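In the two complexes below, chain A is the common chain; its partner is chain B in one and chain C in the other.
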Partner chain A sequence: MSEQQATPASGPKVKKFMFVNRKAPYGTIYALESLEVVLITATFDQDVSLVFIDDGVYELLKGQETKGIGIKNHSKTYRALDGYDVEKLYVDRASLEQRGLTEKDLLVPVEVLDTEEMGQLMAEQDVILSF
Partner chain B sequence: MLHIVNKSPFQSTSLQTCLRMAKPGSAVLFIEDGVYGATSGTSAEAMVRQAAGAIKFYALQPDIDARGATGKVMDGITLVDYSGFVDLTLEYSTSHSWL
Partner chain C sequence: MKFGLLVSEGPYTHQASDSAYQFVVAAIAKGHEIQRIFFYHDGVNNATKLTDPPQDDRHIVNRWSALAADHKVDLVVCVAAALRRGIRDENLAPGFRISGLGQLVDSGIKADRLITFGD
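== the complex of A and B ==
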């Protein structure tokens, strides 16, 4: 896993923030809310990781066409995250496999982690927000 | 009976319990996050396949498309639009929404 140490010009220690996404998009509002909090958090120059576990992996599925359900398609925003310096997206391998998915089904580049690696990443965080 | 399942099979036991209790001749309609249960290649596929002889399966197409699951729907599941959804509720005199 890459370790980025961002340092703001002056001020307190940079903290490691992890956003845990475990819910599918559209059926509930959690996936969108999580993304909105990430975009705000990005303005504070902290060390942000996004992880997608369980049904959260569905948030990154390609080909979301939402006109028929009258909800805005927010999936494209995941592609804009690197413009906010949020580049660390991790996906749980076991969750992909359980759903018959591979990295190729996802709309952004991600790092796929196994259970041990994901657990380790979690253990290193200062702040965890779960949606 | 029309059984309506709106939760992903990984998020809730709704689909599993529904299939355990639904009688032959009834129908199951996947809507909202429930449509993930209609996709192929998942660990939930087997329970749907097993029930498919006795039960008719339907999935709401707009919810499939919204989630990027177009083209991933299992064989044997009939896609319906909102008007088809209404037709199903008329065809089956009672509905059970498995929240």
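== the complex of A and C ==
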């Protein structure tokens, strides 16, 4: 038996929730408030995954320093996600490359996917929330 | 079908509130169920009764309140997002309630479709 319990027909529903992060970590509140939804969803025992695409890849960038803009640095929260059993983090390869970034620039382990693989993963979801 | 909605942009600035409203009216007319409408980010500004647009403009907030009164639609405002933006029980329009983000997740679980209206 795998660690993840299969859903019995009569048991509570486990749905696949995907959070698509498309915005830079600062400049707008979307990244921070997305993170708040992710943490809450994790407490509902759902199948949670996160996607970082477009400027959303900057959310995972190492060495964020926000003193200069007077805004709380929330990037450390991404490191704490595995403590909430949120371990599926996917990054769009083209978005990384367009910004001159590689996996080594990111502060957590991720799986880098091509656009086609990303599309397939999205098609498998029950709920997609895009921020 | 059972629909849950997420409205994540403020009224008047952005089309999201209008589109969400039009969607809900059309869905109800077709006999669908609106399980909940959740307001997040600047979407919480849809819930303040202090809103007072010019006479010749639509009243977005009152429109939501009427929907709640006429069709018992559950209008939920995220507490953390609301408090950040000065929305609290004192200035909450009729038909809205303030609750936690868990209500959005619950919508994702219980509704057949969760639809986002926002950027």
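Note that the second predicted complex is superposed on the first by the 121 of 131 C-alpha atoms of A that agree within 3 Å, B and C clash if a C-alpha of one lies under 4 Å from a C-alpha of the other, contacts with A are read in each partner's own complex, and residues count from 1 in each chain.
Everything that follows uses one rule, which is that contacts are C-beta pairs under 8 Å (C-beta built on N, C-alpha and C of every residue); 3 or more make two chains touch, one makes a residue touch a chain.
As the structure is a computational prediction, the values presented were derived from the model and not from experiment.
Because the two structures share chain A, they can be overlaid on it, and in that overlay chain B and chain C fit beside each other without clashing. For the superposed model, the angle subtended at the Cα centre of chain A by chain B and chain C works out to 90 degrees in steps of 10. In the superposition on chain A, A:G100 contacts chain B only, with no contact to chain C. With both structures placed on the common chain, the touch criterion links A:E36 to chain C but leaves chain B unconnected. Contacts of A:R79 after superposition: neither chain B nor chain C is touched. Contacts of A:F44 after superposition: chain C is touched, whereas chain B is not reached.
In the superposition on chain A, A:D126 contacts chain C only, with no contact to chain B. Taking chain B and chain C in turn and counting the residues of chain A each one touches, the greater count comes from B. After superposing the two complexes on chain A, the shortest C-alpha to C-alpha distance between chain B and chain C comes to 12 Å. Across the superposed pair, chain B and chain C touch chain A at no common residue. Contact residues on chain B toward chain A in their complex (touch as defined above): 6-8, 10-11, 32-33, 36, 39-43, 45, 61-63, 65-71, 81. Considering their complex, residues 13, 15, 17, 29-30, 33, 36-37, 40-41, 43-44, 46, 126-127, 129-131 of chain A touch chain C.
Chain A contributes residues 23-28, 54-55, 58, 61-66, 68-69, 71, 73, 75, 98-101 to its touches with chain B in the complex. Within the complex, the chain C residues that touch chain A are 6, 8, 40-41, 80-81, 100-102, 104-106, 108-109, 114, 116.
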